[in-house]
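What follows is a structure written as structure tokens; I'll ask about it next.
By letter and in written order, the chains are A, B, C and D; residue numbering begins at 1 in each of them.
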Amino acid sequence: MTEIETSAAPASETNIKPPNASPVEVVSRRPSTGTPFTRILGIATLVSMALLVLFGLFLSPEDIVQGESVRILYIHVGTVWVAYVAFGLTALSSLAFLWKRTTSLTWDRIAGASAEVGVLFMALTLFAGAIWGRLSWGKFWVWDARVTTTAFLFITYIGYLAVRGLGGSHQQRGRRSAVVALLAVLEIPLVHFSVKLWRGLHQDGSVSDTTKVKLHDLMLFSLFISLIAFTLLFVWLVIHRQRVLAMQDAMDDKGLDYALEQRRSEAGL
Amino acid sequence: MRLVAMQDVGFILATYVATFIGSIALAAYYLRRGRRLADQLPPEDKPWA
Amino acid sequence: MFRVARLIAAKDLRIEVRSRVVTNQVLPFATIVMVMFAFALKTDEVVEKVAPGLVWLATLFSLLILVQRAFAVETADGATEAMRAAGVDPAGIFLGKALALAAQLAVLELLLLILAVVLYSAKLHAGGIVLLVTTLLAATCGLALVGTLYGGLAAGVRGRETLLPLLLLPVVAPVLIGATRATEAALGTSGAVVSDGWPWLGLLGVFVALFSVGGTLAFGPLIEE
Amino acid sequence: MEIVVHLSNAVAVLGQFPVLAGASITVERGEILLLQGPNGAGKTSLLRLFAGLLPLARGEGTVLGCDLRTNRQGVRKRVGLLGHANGLYSDLTVRENVRFWGSTIGATDSEVDAAMVRMGLAQRLKDVQVAKLSAGQKRRTALACLIARRAELWLLDEPHAGLDAAGRDELDATLREATVAGATIIVASHELERAGALASRLVEVVGGQIREAQPSPDRGAPSKAAG
């Protein structure tokens, strides 16, 4: 039904300059996504990451049962925690977007930013988990309910990001992706439950049995650092991504103003 | 150094390295993208600034 | 809502009766998939053991095609937009299309089951027949509901052919697991007994309940511009 | 006079492109409004906006008393749109199509039959599959579907396209009848001599905006059809 086929939509900032941007202004650097708060946050993230490496790789002892492979858990636990927090945040922001009294595109962008960061952490956690599995059980993958659910979440949210990229107005993107995010909330417990039931009928070892390690104090402390470090990293990434998305949306609106002017001039009024 | 003595050190290091590279790559992408957009937008589109 | 659903289901089924796409194309496709599985698995014992799973996998592949077809009919001449323009209740569209899809899926599953008996020497027995029929019904409803839901989302967009499987397959995983296990129990595959199947049927029931409500609510916002 | 459509500075966007760039117009009940303008000017988008299909990005709009920003759903039940596409199912027959679209708003069988008679489809063509029809016959079928809907506001996008002379006469007569019965009609058409004779008012759509056309010398001041 589209009436205009020849008009390439000026979607990104690369092919369109806002009408009021003179060359002089472009030279002077304008404030970007960073603020004093995020800079402090960034430094805190870096410091805690350094601590994580220090404690995780050097100071903490090896586990009696698992040996050195326990060090992978300091990555794995932090990333998996963040991944699930990220998808929780996506679901909550989607709900906030759909609820009439709180609806705002900011919620939609937080949901999108959180899902994107979540997908990265999900990939990292699957990688770390597979390596840990290889060292502990001799195989990269076990059909454990949690592992499998995580893999499904990963694919589901890649699909969610694809839905976000479908185009249309910002409102349409928000509504569509929020509904998809909430449907995922329906789906994931079902997947988890069904995989659990599936393994339950002819079960061998699962993660929950083998992770019952006796934790040394330093190991506990390393895990704690891991949670802190990855949570800080997550917050930093989401804040920045949210701001980038906000600017992208603003850019689209700017492009609209510009395109409107052009469109009006067609009329010669 | 005890790191050398570790068994399966390759696997463990690979996990750490992949995690950090992944995170840094995403962060760098966000910063670059933010910088490019910020240069073209007036302050009123950046309420946080 | 139900009046619209009936209308749309009747319309879809009449289109199928006229065009015979399911009988002439999807059923042969499902058949060849079943044969191919046997090629991939080689020995008779293995094929016998996994027969229920293969039936449901073939169903899932066919589901993707059926969903594409169900919405290609709507988008071919702008009927989706005409429906929106006519203010047809989206919940009615959703239930109607799901109903028609379920009917087509049921026929397909029946054929696949017969094929499993013929090709994979699956054995039907009287004790499992109730479980088998209820499993077929529940799984069919579940697949039709989510298929319609995500099919509607993907229908209007570019790249729908690739987006639909990406969205749909993860969601139907519980149906694959539940339906396969329940079917194994009903057929007594590798020593399973009928009573093993009922919890799985419960899982399918929960799935159907959740997605019938969720889908009815979600379909409108998903297809709206 | 009752105002059926009111737009003020309406902007509508497709993708990122502003198909409507500040359109303003008021249409009263019983009018037959003709939209003309070059390809890509925004005629189709305007009709889709009136039909409640295209969201309003900026500006204000009311159709049949429903605010386009908040209640597009309310508009749709009372408006009939014939777009570029016919919205027909090619595997079904003419009668099945008209009956399906009529029944979505609860039209009775006799109303459906009347609509088919009106568009000359009741005889030879009624049981023919739409896939086997010519373009003009498909257009007639789509119009019959529209007539069966008994809309208060008719939005027609190039309704004459593909129709033969007889079909055009039937269409024009139908439209006149509809306005007498209280409907309002907005037509986008390139065929001035045909649609111009029918229209009670003519506006030009250019660059996503609307301007009143200069009254053409032979028709004088736009006359209103009786409401």
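Methods note: a residue touches a chain if its C-beta (ideal position, glycine included) is under 8 Å from a C-beta of that chain, and two chains touch if they have at least 3 such contacts.
Note that this is a predicted model, so its numbers are computed, not measured.
Colleague: List the groups of chains still linked by touching once chain A is ignored.
Modeller: B | C, D
Colleague: Give me the set of chains touching chain B intersected with the set touching chain C.
Modeller: A
Colleague: Which interface, named by its two chains, has the most contact pairs?
Modeller: Going pair by pair, the biggest contact count turns up for A-B.
Colleague: Would you kindly tell me how far, in whole Å, the mean C-alpha position of chain C lies from that of chain A?
Modeller: Once rounded, the distance between the two centres reads 32 Å.
Colleague: Taking each chain's centre as its mean C-alpha position, how far apart are chain A and chain B in Å?
Modeller: From the centre of chain A to the centre of chain B is 13 Å.
Colleague: Please compute the C-alpha centroid of chain A, do the same for chain D, then give the distance between them in whole Å.
Modeller: So the centre of chain A lies 46 Å away from the centre of chain D.
Colleague: Could you give the separation in Å between the centres of chain B and chain D, each centre being the mean of its C-alpha atoms?
Modeller: Whole-Å distance between the two chain centres: 55.
Colleague: Two or more other chains in contact with one residue: find those residues in chain A.
Modeller: Only 1, 167-169, 172 qualify.
Colleague: Please list all residues of chain D that touch 2 or more other chains.
Modeller: Expected reply: 55, 83-85.
Colleague: For chain B, jot down the residues that touch at least 2 other chains.
Modeller: none
Colleague: Per the touch rule above, enumerate the chain pairs that touch, sorted by label.
Modeller: A-B, A-C, A-D, C-D
Colleague: Using the touch definition from the top, list the residues of chain D that touch chain A in their complex.
Modeller: Touch list, chain D to chain A: 11, 13-19, 21-22, 39-45, 48, 55, 57, 83-85, 206-209, 211.
Colleague: Can you check the complex and tell me which residues of chain A touch chain C?
Modeller: 1, 98, 152, 155-156, 158-159, 162-163, 166-169, 172, 175-176, 179-180, 182-183, 186-187, 190-191, 193-195, 197-198, 201
Colleague: Mind listing the chain D positions that touch chain C in their complex?
Modeller: By the definition above, chain D touches chain C via 51-55, 73, 75-77, 79-81, 83-92, 96, 100-101, 103-105, 129, 149.
Colleague: Can you list the residues on chain C that touch chain D in the complex?
Modeller: 4, 7, 11, 14-15, 18-19, 73, 76-79, 81-88, 225
Colleague: Which bits of chain B are touching chain A when the two form their complex?
Modeller: The touching residues are 2-3, 6-9, 11-12, 14-16, 18-20, 22-23, 26-27, 30-31, 33-43, 45-46, 48-49.
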